Amino acid sequence: MNTVELFFAYFAVSMTLLSVLIISVKNPVHSILLMLVLFFHIAALYLFLNAEFLAAVQVILYAGAILVLFLFVIMMLNLKEELMSHRFINEWPIGLALGLSIIVFIFFALDKFNPNYKGTYTIEAIKAETNTKAIGKILYTEYLLPFEIASLILLIAIVGAIVMAKKEK
Amino acid sequence: MIDLIRIHTGDIIFNILIILVKTAVVFGVAMLHVAYATYFERKIIGHMQVRLGPMRVGYHGLLQPIADGVKAFFKEDIIPLNADKPVFIIAPLIAMFATISSLAVIPFFDGFVIADINVGILFLLAMSSLGAYGIVMAGWASNSKFSFLGGLRSSAQVVSYEIAMGLSLVGIMLMAGSLNLTEIVKAQQQYWHGMFLVPQFLAFFIFTVGAFAETNRTPFDLPEAESELVAGYFVEYSGMRFAFFFLAEYVGMIVMSSISVICFWGGWTLPPIIVNTFPFLGEIPGIIIFLLKVYCYLFLFYWVRATLPRYRYDQLMSLGWKVLIPLALLNIVATSLIKFFF
Amino acid sequence: MNPLSIAQTIQDKFPKEVKEIVEFRKQVSVIIQRDRAKEILAFLYFNKDFNFDYLVDLCGVDYMGQKKPRFEVVYNLFSMKHRHFFRVRVEVDEDTQDAPDNLSVDTVTDIWRGADWHERECFDLFGIRFKGHPDLRRILMPEDWEGYPLRKDYPLKSDLGDMEWQEYKDLIEFSEKAKQYEVR
Amino acid sequence: MTKTKDALRQRELTINMGPQHPATHGVLRLVLEIDGETVIKCTPYVGYLHRGTEKLCENRTYLSAMPLMDRLDYISSMANDVGYCVAVERLLGIEPPERAKFIRTMMCEMTRISSHILWLGTHALDIGAMTVFLYSFREREWIMDLFEMVCGARLTVSFPRIGGIRNDVSQEFLDSLYKFAEEFPSRIIEYETLIDQNRIWLQRTKGIGVISAEEAVNWGFTGPTLRGSGVDYDVRKYMPYDAYEQVDFDVPVGKEGDVYDRYRCRMEEMRQSVRIIKQCIEKLPKGPIMTPDAPKFTLPPKDKVLKDMEAMIHHFVMLTKGPLTAPVGEIYSSTEVPKGELGFYIVSDGSGRPYRMRLRSPSFVHVSALPRLCVGSLVADVIANIGTIDVVLGECDR
């Protein structure tokens, strides 16, 4: 095992542990903090893949914006009551079944996983062009349609949120 | 000497050593700056307000920051009984380390940067958004309603102003064609004015407002609005933990000033037009020019604090969402159009 | 309008209620009985010629041992429009066994909003109750205070001993306990 | 799940603003119920500074009750003293001499300026403009020095006396006061340049805490708080006392009745005060400072007390028993103090002590209207509203 693999092993194991902790910790604010740590680990993994842009965006968007909003909402809750209640909902067997089936799926799909696949953008090509440029190019040429669809979906979500917030009054 | 060390240690360890030394230097210099930033803030605002500021410790109070530091260090550390202890302890550390780690990617002069990464600007934005965690966590963990409100205000404020600030920097990225801070400084040298401030004045305005909001400075100091929330999110903190927040705020100010200097004021360089007319100015070390520019920008922080009243929460939000973000978008569109056609 | 003529008008309209018209240093006041006090005050407020839209002050006076109806509630009125001043004194008697509701007046908070706290203060310091007041609680004194300090039979200073206000006793006790932490 | 839903539905947060809070100007306590940042309920609690002034007055002579008046509105003690003296003089039916009247008027207006400056500083500080606070304290210091010149005390002066004033003013004092009056308008302009055109200041004050003229009168507002709503009511004009009849001044009124208009009113009032002070100095007549025609009610001059036996006995009786011949009756007398109308309702039973002394303090009335001003606005507006009604809790709680 060389250094890179060692690092990867660390990140993989700790990410799994963190994920389990996030759903099992009683205090939601603590689980959000753990989630923050998890996001950092993910960002670090992106760095291993030479995807600095993704790593930075991971931190800015997920850690900096989305998670803060989560925190915002959770802080509003009456946590004292929340701490008393059970952490898991009654329908946990369904969740377990779903989770297990996904694991089975992945297990069977593992076969088709090709670690040596190389697309047009090799690491060398990306390094020559810088990460950001490469992502921009690929996003606005090859994946333009999915990108636009995704943004439309987000727009709908925003409009929906506003409509729901307005109705309350 | 250096070569001797290199031979004896090998490349990787040597590089790590160099980085450690650089980090130590930057950290030390930054801490000194923070200490004296507080001193100058008190002095400058004092003189603006027809009073003298600190005068007692040392000549004209010059040792005051050190006295303050010693005092904060030895003060009793109080943790409220019903506080969420781990979060309460982590919060100031998050706030401080998030801002201090921003210093890692800032090039202070040509070639001097701890980590010269390609997405420098994004890293800075990421770190400044992390600073909000410290504040929100502190507000929540103190188990006090005033600090809770401060935390809420801060989270909403930081999230909304970061968008405007990030978008305002997109113009710079477009102009420079890179996210690397060193590259951005170098890109500015192509122009006769040597500053992105001239073509990107709109972005500069948005960035400045955003920087004030990010660092929770007047007129956007709502999270700690003294007259409303007493001291906002750090109302329950004392001693060293309180000092950490203080430190975070001032390092944040220095980081924001540095970003502004790098992105808009040409970093450690002087405008080519000036250097060409007075060639001897080109001999000034870059660090001096950089620091002078940073001081000017810091002065702006102080000046505004002495002048402006505080915004109200909803006014702050409407300014952020209804004025700054549309303006920033407009700036991006205009910049890219100009860049595309010329 | 001449205050005396205001007083005269009131006496003409409510001959039974008005007990006396007093003039001292050009200030005129009518002393009226309690039962229709609110009606008279409303009349002073709504009548176009008087239009007393500003309740300057409302306070209680304790005439213990000097007059028979022991208390008076004094309404000082001013009209912003006509710039005249007038005073109404409503006589209230002590509560007795057979008339437990004696010590009360109808509230005027629905006429003058500003009367709210004045009435609360009057209740707090004299024990005069205001019927229909939205929120009649003690205001200046602590909520669990006993007695009405501005009454004439309430001593200015005395050693209450066990009758002392509970929170004060707690405070004394606490300070005794805290003495052990004192740095000497 | 239901518990979570309940937790979600519970949206109000109750916060306890005060009695120790930087913006409540003393020991005012507000219990705010807020939904997010919006105030949905506001309950003021007062009484933390209740010292029983009314009860104390009933047990003191008319003269010795005066120091209590200093401590009502402790930042404008001179105006309270004058108000009290005017009330007792009206009860006794005596008139102070002309010179005393002019000096009292002068002092009242100086107090008005010092109180308004302090208000301006703290109000601006509440809204976040720190510099105004220190600028205004510079001038307040000046007025305090002037007070010290005339009576030796800076804050709790006890300067006026029933039937006159304690001691005459020197020419030196008049000169320096005139200099102050010459200089001060330029200082007002200085404050105004700091905040008057400031967009943030305008956003924070315009349209906040609006109250209409009728409603303000109905609530019993007085002083600049009322005049900001456009009601032209000033005790100095309509029930003149002292020398106010003989000086020329305007009563500034606002239009909208919001925080900004009340701010403008107070700023203009300071200019008018300067005008009055100047006129007082120019018109100041020569003559005695204590009324000579009612020796039974007034203290004899100090130098006489030390030489003359009769005067000494008189002095002694005055201080221990009070004027023995106070007429039986009742009087309501009000004066315009910086905060509004300060009223004294005195019931006299013929003894040397007031039988009942009622203080109608403007702050008490204004605080009672805080819920009316605050509900529906934001937390930051509560601060602006507390500032705009200019409360002093010493006066509110008495």
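Each chain carries a letter (A, B, C and D) given by its place in the written order, and its residues are counted from 1.
Here, contacts are C-beta pairs under 8 Å (C-beta built on N, C-alpha and C of every residue); 3 or more make two chains touch, one makes a residue touch a chain.
The model shown is predicted, which means the values in this text are computed figures rather than measured ones.
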item	value
Far-end chain from chain D, centres as C-alpha averages	A
Which of C-D and A-B has more C-beta pairs touching across its chains	C-D
Centre-to-centre distance between chain D and chain C (centres being mean Cα positions), rounded to whole Å	24
Separation of chain A from chain B, taking each centre as the mean of its C-alpha atoms, in whole Å	28
Approximate Å spacing (C-alpha centroids) for the pair chain B, chain C	61
Separation of mean Cα positions, chain D and chain B [Å, integer]	46
Chain B, residues touching no fewer than two other chains	148
Set of chain A residues in contact with two or more other chains	76
Contact set on chain C toward chain D in their complex	22, 24-25, 27, 29, 53-57, 59, 61-62, 66, 74, 76, 80, 83, 85, 87, 112-118, 121, 125, 138-142, 149-150, 154, 156
Chain D residues within the chain B interface of the complex	13-16, 21-23, 37, 124-131, 133-135, 138, 194-195, 198, 200-201, 203-204, 378-383
Chain B residues touching chain D - in the complex, by the definition given at the top	45, 48-51, 145-146, 148-149, 153, 218-219, 221-222, 225-230, 305-315
Residue ranges of chain A in contact with chain B within the complex	27, 29-30, 33, 36, 52-53, 55-57, 59-60, 63-65, 68-69, 71-72, 75-76, 130-132
Interfacial residue positions of chain D with respect to chain C in the complex	46-47, 50, 52, 54-56, 59, 90-91, 93, 214-215, 217-221, 231, 233, 238-239, 327, 329-332, 334, 341, 343, 345, 347, 349, 355-356, 358, 360, 364-365, 367-369, 372, 397-398
